[in-house]
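Two complexes come next, and they have one chain in common, chain A, joined by chain B in the first and chain C in the second.
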Partner chain A sequence: MKAEIVIVGGGPAGLAAAISAAKEDNNLNILILERDSELGGILNQCIHNGFGLHTFNEELTGPEYAARFEAQLDDLGIHYMLDTMVLDVASSVVTAVNSKEGVFTVECGAIVLCMGCRERPRGALNIPGLRPAGVFTAGTAQRLVNIEGYMPGKEVVILGSGDIGLIMARRMTLEGAKVKAVCELMTYSGGLKRNIVQCLDDFDIPLLLSHTVVDIKGKERVTSVVIAEVDERSKPIPGTEQEITCDTLLLSCGLIPENELSRSAGVKINPATNGPVVNESFETSIPGVFACGNVLHVHDLVDYVSEESGRAGRSAARFVKASKAEESPVINIKNGNGVRYTVPSFVRVNELEDDLVIRFRSGNVYKDNYISVLFDGETKLHRRKPIITPGEMEQVILKKADLANAPSEILIEITEI
Partner chain B sequence: MKSSFDIIIIGAGVTGSAIARELSRFDCSVLVLEKDEDLCTGTSKANSGIVHAGYDAKPGTLKAKMNIRGNELMPTLCQELDIPFKQIGSLVVCTDEANRDGIDDLYARGITNEVPGMKILSAEEVKAIEPNISDDIVCALYAPTAGVICPFRLNIAMAECAAQNGVDFKFDSPVTGISKAGAKWIIETSSDSYECSVVVNAAGCHSDELHNLVSDKKYHITPRRGDYMLLDRSVEGYVKHIIFPQPTAMGKGILVTPTVHGNTIVGPTAVDIENKDEAPVTADGLVKVQEGSAKNIKGLPLKQVITGFSGLRAHEDGGEFILKEAEDCPGFFDCVGIESPGLTACPAIGEYMAAMIAEMLSLKQKETWNGICKDVIKPFELSSEDREKLIKDQPEYGRIICRCETITEGEIIDAIRRPLGAKSLDGVKRRTRAGMGRCQGGFCSPRVMDILSRELGVPLDSITKSGGKSKILTGRTKDES
Partner chain C sequence: MEKRELTCINCPMGCRITVTMEGPDIIAVEGNTCKRGFVYACNEVKSPVRTVTTTIKVTGGASDRVSCKTKDPVPKDKIFEVMEAINKASCKAPVAIGDVLIEDCAGTGIPVVATKAVGTA
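After this line comes the complex of A and B, so read on.
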C-alpha cells in the first residue's frame, strides 16, 4: 500500500492534521489509520460541552466538535481505515494490522504521529491496598457511562483533580451517584479553573487539596478507601487518616503521551513532556515524521490541539512536496524559571509560516507574576498574569518579523513583580 | 454432574492442577473442587514466576527433592503444554565480603542437591554479564538451570490437559465439611455433596484447616505476604538473569528478574500475617521492595512501575512440604505447606502424589492419554504466512483489543470458549495478557467486558473482575434504564 502522508490516529489531532494537509495540497494521497471503530478519538466519549470556543466561536460537545472535522474528509478525498492498529513506524513505512488486510505496510512520504495519550493507572501510582473491582481511571469510567450506558458505581471517591476527574465528578453526580470527595495530592488542582467551579463547586463536592488515598479496602468490590493529608514532600501525615465508605475509586492522576511507536522508531523524546522534541513545524528528530496533539504534550483545550495539528499537517504536506528543507538559522527555546517545557523546542526561522506560538506549562502556581520572553538575554516581552497554574497551558506569540534578526536563544520565564 | 468420584482434589492452583493432570493418566474418575470462580486464583497467581535451580533447599528434604525433580521436568512439560519458559539462569549475589562464606555454603548445598552447572563468579565476571549490578558486588552463585515461567499458563495448561483427559472441575465450590462414611469420604461444599475414595488436599493457605478437620495431628499455616512491583517492558534488558540477594530465614529475599514476557519484576517482601484471603499491597512493603532491589541493582527505573501486587505463601510451621497420606486418615492425602519452591516443584509433586494414590487404589494407566495441550493462538508469535492465513480464516485475529500487549479479539474469544475457559476480566487477563500491559486495562477492559458478555450470553452488568461479588458495573445510566 502507498500514501503520501500517513496519519497515525484519527482523533482530534489526526483529523485536523489530515484536513490541513489536504487543504495545503489537494492532490496528496492522505491515509488516516485509526485503531478504534470510529474516528474522533476521545472526543466521542466527551459528551459535555465547552469544545470549540476558540475554533468555532461556539460551545460544542465532543462528538459535535469531531463531526465538524469528519464532515470534511470525504470532500477533501482523505482516506481512512478503522479498527486498524499501527504496529510499527519507520521513517517511510508504517506497519499496521486489521481484520481485513491482516498485517500490511504503507510506504509513505511523511508520517504524522497523532496517537494521543493514556491515563496513568492505579499500578503506576503505587496506591496500597487490595485490588477489588471498582477502581477505574476516570476516562474508562467516562467510556462506560457515556458510550456503554452503564454506571461504574454509586458512591465515589476521586483521586486526582485532572480535568477528566472533574468532569466525571459532575457526570456521576448527574447520573445519581454520590461523589464524596475529590482528593488532590498537590496543593493546587491539575484541572481547569472553570471545571472546578462548574463540576465541583456547583455540586458541593469537596476538593481536598494535599490529600491522597493510602488504602483501598474490599476483597471483591471496593468497600471503602482511606485518605490522608500529605506533607510538603507528598508523604501521608500519620494521624490524618479518614476512612470513606464507597464502592468506587476513580483516578484522574495524569495523562501519559502514547509514544511507544515514536520511541521504537527512534524519535527523540522530551523527558518533561514525554512527547517528541519538535521544531516550529512540529517535525520530530526524524525528518518527515511529525507529531501533534496529546502525543506531543498533554493539552488542556482541544482547540489548541486542532490549531497545532493543522500546522503539523501543513508542514507534512510541504515536506512531501519539497522534501528538502532549506538551510535556516536555528533559535533554541530555553525553559527559564517556573517553565516546565515549551513546544516547540527550537525554531528554524526560515520555515516559520506565520507568527510563532510557543506553548508551555508552569511547574507550580504563581500569583501576580510576569511571563517574560528574552532574546539572547534581552527582555522582549513582559506580561503580567494574575494566576499561572500547571493545569492551564500558557502561550506567548512572537511576531515573525521580530524573529527575522534571529536571536540564537529565546528564554521564557516566570518572574515575580 | 455426578456426585461420586474415585478421587477428589481440593484446590485448582498449581499443585491441585499438577496432580489432576498426572492422575488423568490413570483409569479413574477425578473431580477438582475450587472455592473461587477460576483456576489460579490464590498463591499460584501472585508469585515471582521463577523455576528455581534447587541449591537453596536443605539437602534431604522434600523441598529439595521436589525442586530438583520439578526443575528437571519443567522443560518437557512446557513444551507439551505450550507454556512460556525461559531458562535464563540465576545469580545469588554477595555484596559484602563478610558474607562470602554464604555463597560457598549455598554452592556446597547445591552440589549435595545435585544442581547441575553451578559456578561461583567473581565480581568482574558478574559485571560482565550484568552491567547494572551493584558496585559492591563481591561474587555470585550462578545457576544456569533456573528460569522464568508464566505461572498462569503453567497452572491453566495443566488443568486444561487434565480436563481434556476426563477430569471434572467444579468452581465456586468452597469445601465446608469433610467426613468419613464407611470406606468413603464425604465432601460437602457450599452447594453440593460428593463422595470419593481418596481426597487430595491441595488447598494452599487453607490446607491446614482442611487437614485439621479430619486428622488429630494438627498443622498450622501462616500466610506470609509478599509485595511486588512489576515494571514496564521498556525496562527490558536492565537485568538479564534472576538476581537474588543471599537467603535468610524468611526466604530467598527481594529478587529482580525479567519475567518470561519481558517485564521486570521486583519483590517479594516477607511479612507474616493472619488473613489468608486478603493480600493487600502495603506502602511499607513497596518501600522495602525498592530498598531491597537497590542493594543489588544500580538505578533500576522503578518509576516505570505498571502495577504492584501482593501474594501469600502457605508457610507451615515445620517449614517443609508435607506430601503424604495423613497418618490417622487413610485415603486423605495432604499437600500442605507448599510455599517456594512450590511453583518449580509442582510437576514433581503431581508425579509423586499420583504415584502414591495410584498404588493405593491399584489404578491402571489409560490406553490413550493426550499430554499435549496448546495455548491460545497468538498471531504475533506466528510466521507472517501463518498469521495472514489465520486472519483470513478468522478475521477476529486481526482486531486488536489490548493495545499495550497487542492482544486480538480472536485470542480473547479462544480464552473464553476453551475448556475451563475464562469467565471474568481477570480470567481473560491470565489467559491472554489482555489488560496486563502499561495501561492496566484502561483501554481494553470495557471491550473485553463486551466480548465476555456476548460470548457468555449474559448482560454486561453481570461481568465480574474475578467472580463472586466483584461486578464491574452497578447498573444502567438514567437514559438507559
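After this line comes the complex of A and C, so read on.
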C-alpha cells in the first residue's frame, strides 16, 4: 500500500491533522489508521459538555465535537481504516495489522503520530492491599457507563482529582451511585475549577486534599478502602487513617503519552512531557515524522489539540511537497523558573507561520506573578497573571515579525512581583 | 439575612464569593476580584442552571445506548428528576445528532436531544 501521509490514530488529533493536511493540498493521498471500530477516540466517551468553546464558539459534548470533524473528513474524501492497529513506524514505512488484510505495510512520505495517552493504572501507583474486583481507572469506568451502559459500582471512592475523576464523580452520582470522597495527594487539584464546582460541590462530594489511599480491602470485591492524610513529602501521617466502606475505587492519577511506536522508531523523547521533542512545525527528531495531541503532551482542552494538530497536518503536507528543507536560523526555547516544559522546544525561523504559540505548564501554583519572555536575556514580554496552576496549560503568542532578528534563545519564566 | 458561599468558576483563581441575601434580594457580593465573578454569583444564587448530559436506551441500533443532553440548561434542583425521566425513556434507531428524544423533560419545558448518531443494527 502507498500513501503520501499516514496518520496514526483517528482521535481529535488525527482528525484535525488529516483535515488540515488535505486543506493544504487536496491532491494528497492521506490515510488514517485507527485501532478502534469508530473514529473520534476518547471524545466518544466524553459525553459531557464544554468542548469547542475556542474552536466553534459554542459548548458541545465530546461526540458532537468529533462529529464536526468527521463531517469535514468526509467532505474532503479522506481515507481511513478502522479496527487497524499500527505495529511499527519507521521513517517512510508504517506496518499495521487488521483482520481483513493481515499484516501489511504502507509506504509514505510523512507520518503524523496521534496515538493519544493512557491512564496511569493501579500497578503504577504502588497502592498496598488486596487485589479484589472493583478497582478501575476513571476512563475505564467512563467507557463502561457511557458507551457500554454498565454501572461499575454503587459506593465509590475516587483517588486523584484530575478532570476525568471529577467528571466521573458527577456521572456516577447522576446514575444513582454514592460517591463518598475524592482524595488528592497534592495540596491542590489538577482539575479545572469549573469541574470542581459543578462535579463535586453541586453534589456535596468532599474533596480531601493531601489525602491518599493506603489500603484496599475485600477478597472477591472491594469492601472498603483506608485513606490517610499525607505530609509535605507525600508520606501518610500515622494516626490519620480512616476506613471508608465502598465497592468501587476509581483512579484518576495522571495520563501518560502513548509513545511505544515513537520510541521504537527512534524519536527523541522529552522526559518532562514523556512526548516527542518537536519544533515549530510539530516535527520530531526524525524528519517527516510529526506528532500532535496527547501523544505529544497531555492537554486539558481539546480545542488546543485541534489547533496544534492543524499545524502538524499542514507541516506534513508541506514536507511531502518540498524537495529539501531550507537551512534556517534556529531559536532554542528554554524553561526558566517555574516552567516545567515548553512545546515546541525549538523553532526554525524560516518555517514560522504568522503566530508562534508556545504552550507550557508550571511546576507549582503561583499567585499574582508574571509570565516573562526573554530574548537572549532581554525582557520582551512581561504579563501579570493572577494565578498559574499546573492543571491549566499556559501559552504565550509571539509574532513572526518579532522574531525577525532571530535571537538564539527564548527563555520563558515565572517571576515574582 | 442569609449568607451563601460560592466558588467562582470563571478562571482558575476560584475566588470564594460570599453573597448576602435578604429574602430574594441580593444585599452584598463579597470576595470576587473581577466583574465576571459578580455576575456569576448573582446568577448562581438567583437561578442556578446546568446542562444535563447522559445516555438513553436505543432499540434496534448498532449500539444499545446513545449519548444525549438537555437542549438548554435546566434548573439545578431538577437535575435528578430529569435523570429519572431520561432513564425511563428509550428511542428507536436510527438516531441523528440533534434528534429530539424527549419533547419536554420532567416538566422543565426543555427537550432532550441526541448528541451522537446511531445507525440501525
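In the analysis below, the second predicted complex is superposed on the first by the 416 of 417 C-alpha atoms of A that agree within 3 Å, B and C clash if a C-alpha of one lies under 4 Å from a C-alpha of the other, contacts with A are read in each partner's own complex, and residues count from 1 in each chain.
The working rule: contacts are C-beta pairs under 8 Å (C-beta built on N, C-alpha and C of every residue); 3 or more make two chains touch, one makes a residue touch a chain.
All values derive from a computational prediction rather than experimental measurement.
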item: Which superposed partner A:Gly149 touches (first chain B, second chain C, both, neither); value: both
item: Partner chain in contact with A:Glu64 - chain B first, chain C second, else both or neither; value: second
item: Which superposed partner A:Lys193 touches (first chain B, second chain C, both, neither); value: second
item: Which superposed partner A:Met85 touches (first chain B, second chain C, both, neither); value: first
item: Touched partner set for A:Asn126, first chain B, second chain C, both or neither; value: first
item: Which superposed partner A:Asn98 touches (first chain B, second chain C, both, neither); value: first
item: Partner chain(s) touched by A:Met1 [first = chain B, second = chain C, both, neither]; value: neither
item: Residues of chain A contacting chain B in one complex and chain C in the other; value: 145, 147-149, 175
item: Residue numbers on chain C that touch chain A, as the complex places them; value: 7-9, 11-14, 33, 50-55, 57, 63-65, 67, 69, 76, 79-80, 83, 97, 115-117
item: Chain C contact footprint on chain A (complex, rising order); value: 44, 47-49, 59-61, 63-64, 67, 145-149, 174-175, 192-194, 196-198, 201-202, 386-389, 391-392
item: Chain A to chain B touching residues, read off their complex; value: 35, 83, 85, 87, 97-103, 118-119, 121-124, 126, 128-134, 137, 139-140, 143-145, 147-154, 175-176, 214-216, 219-221, 236, 247-248, 260, 263
item: Complex contact set, residues of chain B against chain A; value: 229-230, 234, 277-283, 285-286, 305-309, 384, 387-388, 391-392, 395-400, 403, 406, 438-443, 445-446, 450, 460-461, 464-466, 468-480
